[in-house]
Amino acid sequence: MYGSIHEECGVFGVYGTEPSPVAMTTYYGLFALQHRGQESCGIVVNDDGVFRSYKDMGIVNDVFNSDIIESLGTGNMAVGHVRYGKSGSNNRNNAQPLVVNHIKGHLALANNGTLINFAELKREQEMNGCIFHTTSNTEIISYLVIKERLTSATIEEAVCKAMGRLEGAYAFLIMSPQKLIAARDPRGMKPLCYGLTDDGRYIVASESCALNAVGAKLIRDIEPGEILVFNGKTKTIDSIREHCNQKPQATCIFEHIYTARPDSCIDGYSVHRARENAGKFLAQQHPAQADIVIGVPDSGLDAAVGYAKESGIPYGIGLIKNKYIGRTFIAPGQQARENLVKIKLNAITEVVKDKSIVLIDDSIVRGTTSKKLVKLLRDAGAREIHMRISSPPFVDLCYYGTDISSKEKLIACQHTVEETAKIIGVDSLGYLNVDSLDKLTPEGKCKGFCKACFTGVYPTEAPKQEYDNRFDKKLSEKK
Amino acid sequence: MYGSIHEECGVFGVYGTEPSPVAMTTYYGLFALQHRGQESCGIVVNDDGVFRSYKDMGIVNDVFNSDIIESLGTGNMAVGHVRYGKSGSNNRNNAQPLVVNHIKGHLALANNGTLINFAELKREQEMNGCIFHTTSNTEIISYLVIKERLTSATIEEAVCKAMGRLEGAYAFLIMSPQKLIAARDPRGMKPLCYGLTDDGRYIVASESCALNAVGAKLIRDIEPGEILVFNGKTKTIDSIREHCNQKPQATCIFEHIYTARPDSCIDGYSVHRARENAGKFLAQQHPAQADIVIGVPDSGLDAAVGYAKESGIPYGIGLIKNKYIGRTFIAPGQQARENLVKIKLNAITEVVKDKSIVLIDDSIVRGTTSKKLVKLLRDAGAREIHMRISSPPFVDLCYYGTDISSKEKLIACQHTVEETAKIIGVDSLGYLNVDSLDKLTPEGKCKGFCKACFTGVYPTEAPKQEYDNRFDKKLSEKK
Amino acid sequence: MYGSIHEECGVFGVYGTEPSPVAMTTYYGLFALQHRGQESCGIVVNDDGVFRSYKDMGIVNDVFNSDIIESLGTGNMAVGHVRYGKSGSNNRNNAQPLVVNHIKGHLALANNGTLINFAELKREQEMNGCIFHTTSNTEIISYLVIKERLTSATIEEAVCKAMGRLEGAYAFLIMSPQKLIAARDPRGMKPLCYGLTDDGRYIVASESCALNAVGAKLIRDIEPGEILVFNGKTKTIDSIREHCNQKPQATCIFEHIYTARPDSCIDGYSVHRARENAGKFLAQQHPAQADIVIGVPDSGLDAAVGYAKESGIPYGIGLIKNKYIGRTFIAPGQQARENLVKIKLNAITEVVKDKSIVLIDDSIVRGTTSKKLVKLLRDAGAREIHMRISSPPFVDLCYYGTDISSKEKLIACQHTVEETAKIIGVDSLGYLNVDSLDKLTPEGKCKGFCKACFTGVYPTEAPKQEYDNRFDKKLSEKK
Amino acid sequence: MYGSIHEECGVFGVYGTEPSPVAMTTYYGLFALQHRGQESCGIVVNDDGVFRSYKDMGIVNDVFNSDIIESLGTGNMAVGHVRYGKSGSNNRNNAQPLVVNHIKGHLALANNGTLINFAELKREQEMNGCIFHTTSNTEIISYLVIKERLTSATIEEAVCKAMGRLEGAYAFLIMSPQKLIAARDPRGMKPLCYGLTDDGRYIVASESCALNAVGAKLIRDIEPGEILVFNGKTKTIDSIREHCNQKPQATCIFEHIYTARPDSCIDGYSVHRARENAGKFLAQQHPAQADIVIGVPDSGLDAAVGYAKESGIPYGIGLIKNKYIGRTFIAPGQQARENLVKIKLNAITEVVKDKSIVLIDDSIVRGTTSKKLVKLLRDAGAREIHMRISSPPFVDLCYYGTDISSKEKLIACQHTVEETAKIIGVDSLGYLNVDSLDKLTPEGKCKGFCKACFTGVYPTEAPKQEYDNRFDKKLSEKK
């Protein structure tokens, strides 16, 4: 349903007062954000008002090469984007940044997020004769901004007015000929931070790991509702706070649990530490008699360290992930699909044989992967498997960008914890308590999380209406 | 100047009442129109209202393969486009057909032509908050049509109203979920015709050779100003003639002389015959004492046959063209560039040695190619070369899509015929008389030609204003 | 049968005493020889004894780009090769030139031809422990040369001895660290010539059109049996004539009729003129009452000019070939395959309608293409079609490289001329008389032709044994 | 020097008595062995004696796609190969498996290893007229085997005789029309093992992780000197032990320390456990006062777990590796190269800040990477860094395939441990004691290691002579 407007992505921007190899910088920044989206990527360089852009389907390393980076040249600003690969939506048109021409010149937009009033806004714009080249939220935002621009003194004023119409989760970068503007929705649902390099260039990115990758030091997160304006004309940086403190913060807790890289820092706290804390709470809430604590690579490792520390059970390496798996894999046969877990992961027999194991993973969605993983360990001789999940059970959909499209596929909606344990074949199963979520980061670090997928309590209204396009619907049916 | 909005292209559409392999049909149609544009190409299939499209930079044979054609699937309609490759403008965004979503669903547009009120229309649309993803005329047209659609009962009514605003040369296809609409500008500056296949599908194409390639028989040309509506709902074909007979016909004479394939028929007359007639007139106007008449392959061959027939001098084959040349060629070194004519063409020594030759070519632009060609023949032993050009001298620019961007580069603007003959090294030189242009096709076949590039007399006003974008200008300067 | 050792190809070599951009020169040379093979191509540069090579499947324009040409660098010699694309044999290993290392250094070989004692030689070499990476004749030749090299003072002596063992058709280039050696079989079955550029570099090529393309003037053909040695050490050019005048010349007549480019000159006579002569003889042997003479593009055009001249019937252009056809075409559907002739060729209705036509083609193999071509003209309104073929009927196989693999597929083996005329739907049909073949080139120009495919009289023995590899046979069966 | 014959690689073979999708199986097997070579890869399928092969430059996922796997089809056997990417040697010809035709049919070879009598054998073969298409050891082996085959009753007899001539490290697979043969050198320098799938197919592979990936259970390692013959005709499996127990075992210790995947088992012992043991010994030999033990991902993690366990200092995750790094990376600028460590690895500030850290890595070669890594941790606030290396210092070259080509580049050859510590900027530095190497695997598991790179004591003679090819030398100089 809302899947068609799914927008989990990573954004990156660089701003300086002098020309520099911003394309190369953005390339490395996107490379660090690759985990946020592998479907498509793009870079737009702003060379004194002239925009040069390149984007295509694929990961950063496949889309860009030396020639392309060179052809993008130097500039004083650039924005980049990586887009999440939802199966079936691989539309080249939806690749970002979006570059449009309008009455005042060029505009490049890169956005991460999903609007819940997408349908309403699109309908309204269409009624005004707007035409759409993409199915993305970003084009909606660009129309809103451009419309407000007609009656605003500055582009940032237009952005600020446009934000008054946007409902939902977003964190976007807008690059005009002279400015780089970063904005985060009033609830701060998606992360966005900025920092400074040694040579005086400012970097804005979805995650701080991208700042580190280009040698920048984190200054702080963009605040919920804040608009940050890097002005190439006046050489100033301004913060517009009109939308700040209007709504309770509701940052996606799943960023801490799964999405973000552990070496990133969101809203002032380490993602790795938050996961370690989850492991610690798990050890308190669901202790186990076991010989060893094993994390499922890569996202279960941090919590495993926390569990091991808290429980005193030794941490071990029992599963090895094929490090070449992070790319498109050729369509395997039926049997191969069965064995996909086996191809991605392998157990170390000497570590797990005859052992009682605490197995830490970040989440269970449908349960099928967990089941195969458990079989892998059983085949390698594991005696007991006590599975611990560093998040509560998934019980509801996400309207804001995470790709959970149907409650029927969620094992926690269909089965009790005991039933689930039986289905996946473990000796015991324990999820993180929902109450612990707020404690993953220390008090004062984040003023509030969106925990809707675990609680069914949404920080916004539900999407008011669905965008109704009978031809799009036909398309989905035909697939 | 107007180069940035250059739009010489080929369009192709297929319409049937039942699903059929329209992607394959369009593929073959575009293949036959490849000479009209090698920069990019695309196909959009309409499968009961669901649009599937694919387009990319490159020629038809490189862009499409079996998998892609298969993935486009069957449908009851499709439109396709080939785009001319002007150096420097190779922007993937500008590839057509353009597919946009609007209030009533999808719309696909494929256009050949150039609007002279491009800047005015774009400015007006921008003032309304429109944003532009491309630099092409086609997006302008789509906005006009969609805007009128908001207050029109049907899409064809919107197209008709929109045509009231368009000034210049165009021939476009618009595909809505239920209709295929073909329109030709009121002066008929660009060609467009339609026909019927044995299995009852209608084909619309820039040239009749594309009809033949897919087994369709030419019915007739779309008339200047006519809108032809293939209605998939009512299964009817309607002609809207509101814009017909409003303006004197001014079909581009250069289509007959150079652009179109000789096996095409434009406005009821064979392109080959028109060129043969040009050769005949040349023989009358510029007779020569010679042993043999040789045409420069490929576009000089038809006129050479006409010259030979009229003059009684035997037709011969004296130049052979490398038939693998019709594609991008790797960047040759300086010396190689010098020799490019030698690589494309080779003289047959036994034919030309010690002979007096009448050499027929379609045009002389800068004179450099002619000079090299003459040297090639001299090196092969030609005794005398009497060059005859099957068009008058180029003396003015074209505002409507033909790529002649500067009068300084036109040898006929800088030199007399005698000087030109000396520069290129021929014993005599003769151009077709301007007065003969109207006689290339028999009376009644075409009601009028645009001969502006030969006469400086334009069928429309000159472009009123240039589209002013200082960032675009910077871009050009930076190149 | 002999299909697996099919070797119709083009070879090109350049030799100078100083370093020059030989890769670029070879690139242009191969481009001119592209008609001799589209399956694969390759270039080997000799830079003072260091060999750099690149080869791959595909045509010259697809395989090479600026980067590759540049990476091959400069040298004082180079050899290149284009290979014919027999369906199913597209083995990357078989791409030439073949580069091997041996006791004395490197060796690069490029060959055009087919050995009839292939099986015998291969068996013998295998009995000595030789291993084969390819299925081509060229590897056999390389083993022979290297074996003789062990006991010879010079590489040319080894080549000369090796030629004593080779039976069949060949024309090859061998490049050693210091020498470029060109050899043509004692019967001169395959063409090979050489020339000189203005800057003093020698060019050897299968056809003289490749000399022209790189600005070289033809010196003469390599004589049957001759070995020409360009010696980079002594800076001399030597001719070894030990194998000359040992056997009657038997140059493939099909080179004149079909294979070679019309602008080439073979054994001192213009290919175009030979074809024009064929047309002249046809007009004498098979006159027709007709309005127009039309050649089938491209290989029927030269003879059509000859027929027109001799008969006095006007030459016309009635068929247009899609000039983008010269490349791989996507797998068309069943119906499309039916229409392939229509996609390649189109009739000019205005020229053929209600006319009696003399239609000139170079040959009829199975008759299916001719049949479709005739239908095309009939559909365009042709009243009478008198087909004239500029070669005698194909009645026998070729052992020497031309791809005629089965007599059952030859229409002339199954039907009389009258029957054939009926099958393909023409009003009359006439083939060139076999006796005329010897007169296609003037007396003294070529001392003898191989006309085996028209006469069944072979210049060599038949292949003594077939190379027996039961696994290869299985492979063919499995296809 | 020996770099040109560098052959670190992975081999994989599958054998069954019935046709099965062996290409797919081999694909997954090579995918699991990808860490052993990223330069090129290939698969040869044996379909009842018919060989179908495909190989190219690149990693498994780039070289193969569904179409290619499908085109390779089913068979009862297959062999595959991944080849190590040494800079500059990227020669497509050297891709394996090597397929050759010889007197008895086809032969496919896939080898991992380096012969020390390479030059001697090649010279000898050249003196017999052998020609070489590649610069690899594998072609030498194929000639030896084929030569012996001429006078042997069976292919395995020929392999056994050939092994009498081979000196050095090797582990190869030979596939004949009816047999799959696996052989390991008499010292067992390179690993090779085999196992059985549930559906009764045998798998041979360089590492047991490839067996697991295709669902096979490890049976045992091929013994040093053993030849294992899977006979498709007799359906038997035979072991030829003529070369067994002739020489002391000398398995490369670096396989345990670095090369192999930790989930593999070599000569009966877990690679992960061997590394954990190294960590344990390090803790005993070089204790440290510290807050946390951190491993450098990925190859330092196993030893870090061992160090943490033995020392009681908590194991932590302090460095995160970008998981998309495992592929070719675009040529970065100078500054970027400086920052490459930063792009690959990032420190978790919250974990390392103000901490005393034990940092575990597998080896130090030149010291430059370690230096940057230490700076990364210092910048993140690390108070003290005690570096521990899970192998002894590199002091000598490897003749057998590991890419250490110059002693000058080895920091341990130029500096003391104290100096090294200072250079890389750590508070203390400790290497694993050489004496501990034999204890990494328990007694009885491996009868002996090659530790030459740490000790200078070689299990074989040094290479007797270098292969002397002045043209190859020129090539190197020209680079």
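We call the chains A, B, C and D, going by the order they appear; numbering starts again at 1 in every chain.
Convention: a contact is a pair of C-beta atoms (placed from the backbone, for glycine too) under 8 Å apart; a residue touches a chain by one contact, two chains touch by 3 or more.
Because the structure is a prediction, the values reported are computed rather than measured.
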{"item": "Minimum number of chain-to-chain contact steps, chain B to chain C", "value": "1"}
{"item": "Between chain D and chain A, distance of the C-alpha-averaged centres to the nearest whole Å", "value": "37"}
{"item": "Whole-Å separation of chain centres (CA-atom averages), chain B against chain D", "value": "60"}
{"item": "Distance from chain D to chain C - Cα centre to Cα centre, in angstrom", "value": "48"}
{"item": "Residues of chain D touching at least two other chains", "value": "none"}
{"item": "All pairs of touching chains, each written as two labels joined by a dash", "value": "A-B, A-D, B-C, C-D"}
{"item": "Contact set on chain B toward chain A in their complex", "value": "47-51, 98-103, 105-107, 123, 126-133, 135, 142-143, 146-147, 150, 177, 469-471, 474-475, 478"}
{"item": "Partner chain A, residues of chain D touching it in the complex", "value": "21, 24, 27-28, 31-32, 34-35, 59-61, 64-66, 69, 209, 212-215, 261-263, 265, 269-270, 272-273, 298, 301-302, 305, 308-309, 314-317, 320, 322-324, 326-333, 336, 339, 342-343, 346-351"}
